[in-house]
Structure formats: structure tokens, C-alpha cells
Amino acid sequence: MPVVNIQITRDGATAEQKAEVIAGVTDVLVRVLNKDPATTFVIIDEVDTDNWGHAGKSVTQLRALAK
Amino acid sequence: MPVVNIQITRDGATAEQKAEVIAGVTDVLVRVLNKDPATTFVIIDEVDTDNWGHAGKSVTQLRALAK
Amino acid sequence: MPVVNIQITRDGATAEQKAEVIAGVTDVLVRVLNKDPATTFVIIDEVDTDNWGHAGKSVTQLRALAK
Amino acid sequence: MPVVNIQITRDGATAEQKAEVIAGVTDVLVRVLNKDPATTFVIIDEVDTDNWGHAGKSVTQLRALAK
Amino acid sequence: MPVVNIQITRDGATAEQKAEVIAGVTDVLVRVLNKDPATTFVIIDEVDTDNWGHAGKSVTQLRALAK
Amino acid sequence: MPVVNIQITRDGATAEQKAEVIAGVTDVLVRVLNKDPATTFVIIDEVDTDNWGHAGKSVTQLRALAK
């Protein structure tokens, strides 16, 4: 019965990569906590870099500064 | 003062259906827990099927397999 | 496949009331969006009134002011 | 190590405003709880008004009624 | 920069198991999406079975029925 | 109408500090985005250090290593 919400910045993760994350995270919960995959949800939320703040700045700002 | 976050797969729920879910869920909280509708929020998040995993696969994968 | 997270202040909701909220909210999603109850999760988070802010004050503060 | 998730209705907040919210919220956590900005995330989720319910109606409905 | 929120029912997961889940999930994100562990958070929320609903019933109810 | 969820490690934040965070964060949203405090919620979730992972380890582990 786990519900896993994964928030990442929107950086072009492909459908295949997201499927691999879903499979990998589900496997961890099955292996370590003996959870049933049939009632395990993994939800990926891709967030615009304007909308993700780290160290007081948006990621858009941080990446501009890093150039 | 309830805050309700509802995550569903993006499957074309209409504005009318979403309004009906909002009304229905608010009513349950008012009826059962005597909550005040004026301070009750219901937020619906529609998630792409590539981004929702169930049983170790994305819903996109599951639906392709089910064809 | 809906996941519903309900946040309420910790005000002594009984197990029966929480079960009724779970049943009621699930029914709304089944009735309005034709969701499958078998893959519908409803999760209730009860929050201490010190930890819930409304209008710039904690609920603990608001309730003390309201006395 | 704080993670702050901010949900607001999608009402055209600019990149500058979102950056200012990120900076302001991070500053509160640094100032009040002595948190390290380097491990503080602030994530802003902008929600369509069809998808945000208040007092049993969607914000779209409420705004239409208010006209 | 991923933030992973994992909700599971409160079923006695040990500190060691939770650490193993944290390590395993972080590894998936590093391996598949090349994320930096230093800015990857994994947060585990253990939920009472009265507060987790599945198929319209609380897990407490479901487990009582299953006896 | 903002809803702000703040997750922090459980490190003994006092009721006064939490009230100050609530006031400060609400003020940022009022000042920057012209939000109405009367429909602004700030919810603080304090997480055990066994349940918060950073860089692939739980905070409990990290703090033990740092001694």
C-alpha cells in the first residue's frame, strides 16, 4: 500500500527513465518492506525550474548564475 | 479547515466532473466531521500516465499491455 | 487509481468517523469519475493545532483568542 | 533541511514573484528555525482554478458567481 | 534535487529498514536520472491503519474482516 | 487561497517558533502575491530523523556519523 510522490525538476526525463524509476522504487519497497506491488503507487511530479527554490533562489536563477 | 489533495491520472475529467468531486468531497467532510465549507479546500492534481506507476510499471505501459 | 490526502486538525475524529470519511470520499470518486475502489487510497493526516496556521496565526492561537 | 510545498491557484505569478516568494520563505526558516538555506527547498505548485475547490465549488465557479 | 515522499501504513518498519529504503530509493534516482545524492531528500510518513483507506474501508477494518 | 506544507525534521521547534514561521510565511504570500490571509493555510509537519533521508542516509545516521 505505499504511495510514493517523487518531485523532480522538469529536465526532460524520458518516459523510459520514468518507467525505470517507477520499477526501481517499487522494487525497493517490495524487497525491503515486503510491500505488494499491486497496491504500490509511484507518482512523479516534474516541476518547472522557476517553481523550485533552493538556497533562497529559484533553480532558474541558480542555473543562470552558474553560467 | 480541511485540505484535500486528490491525485488522479489525467484521463479527461471535465470541469463539471471536477466541480462535482469538489462538492461531493466537501459535503462528506461537512456531514461527517462537521467541517466548515468556507475553510475547506479540495485540490485536484491530474497526473500524466507516464508519471503514474502501479505494480512497478507506468500506467502508460500497463494500458499498452492491456490492449 | 486515485490517491486522496486529507489534512485536518487533530480534533478527536473517531475511528468510525474516519472510516465514514474514507467510505464517503471513495464513493464520490467511484460515482463521479467511475474510479475503481480497489485502487483508490484515502489517507487522513491529523495535524496538531500548533502546527496548522490560518490567517497568519496557529489554530492554537486563534482558539485562545476566540475564548 | 526543510521542504516547503506551496500550492496557489494559477493566476499569472511571474518568475520574479515566485523567486521573491522562494527567497522570503527561505529567509523565514533561516531566521526563525536557524535552517540552512543550502538544504532548504521551496516548491511552488500552480493549480488551475477548475481544479481548486473552496466552500464546495471550484474557484472557476466562484469567480463566475462573483461577476 | 529530488524530494521523495513515501507514505506507508504504520506496521513497525525498523530504523534499519527505513534507512535501507532511503538508500535504495536515492540510488535509483542517482542511477536512472543522474541526480545528486547531496540534494536528494527521502521522507517516510507512517500512517495509522485507521487513517488509511483502501477500497472504501480503513485498513483497520479490512484487516479485521480478513481475520 | 495558498496552502503551504512545510516539512522539517523533528528538532524541538517550540509552539512560539512555529507560530512565527506561520506568521512569516503568510506575510510573504500576502506581500508578494497579494494573497488573502483569511484563506491562507500553513501546515507544519515535523518528521522523525529516522524517517528523513538525505544523501542516501537517514538524518539519524548522518548525525551519528558527524559525532
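Every chain is named by a letter (A, B, C, D, E and F) in the order it is written, and numbering of its residues begins at 1.
In this text, a contact is a pair of C-beta atoms (placed from the backbone, for glycine too) under 8 Å apart; a residue touches a chain by one contact, two chains touch by 3 or more.
In this text the structure is predicted, and so the values were computed from the model without any measurement.
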Common touching chains of subunit C and subunit B: A, F
Contact-richer chain pair (by C-beta pairs counted) among D-E and B-D: B-D
Rotation angle (°) superposing Cα atoms of subunit E on subunit F, nearest 5: 120
Separation of mean Cα positions, subunit E and subunit C [Å, integer]: 20
Intercentroid distance (Cα basis), subunit F paired with subunit B, Å: 25
Between subunit D and subunit F, centroid-to-centroid distance (C-alpha), Å: 14
Residues within subunit E bordering two or more other chains: 1, 3-4, 7, 21, 25, 39, 41, 43, 45, 52, 54
Overall pattern in which the protein chains touch one another (line/ring/star/complete/other): other
Full enumeration of touching chain pairs: A-B, A-C, A-D, A-E, B-C, B-D, B-F, C-E, C-F, D-E, D-F, E-F
Touching residues (chain side subunit A, partner subunit C) in the complex: 1, 3, 39, 41, 43
Contact set on subunit B toward subunit D in their complex: 4, 15, 18-19, 21-23, 25-27, 30, 37-38, 40-46
For the subunit C and subunit B complex, residues of the former touching the latter: 1-9, 13, 17, 20-21, 24-25, 27-29, 31-33, 35, 39, 52, 54, 59
In the complex, subunit F residues that touch subunit E: 7, 45, 47, 50-58, 60-61
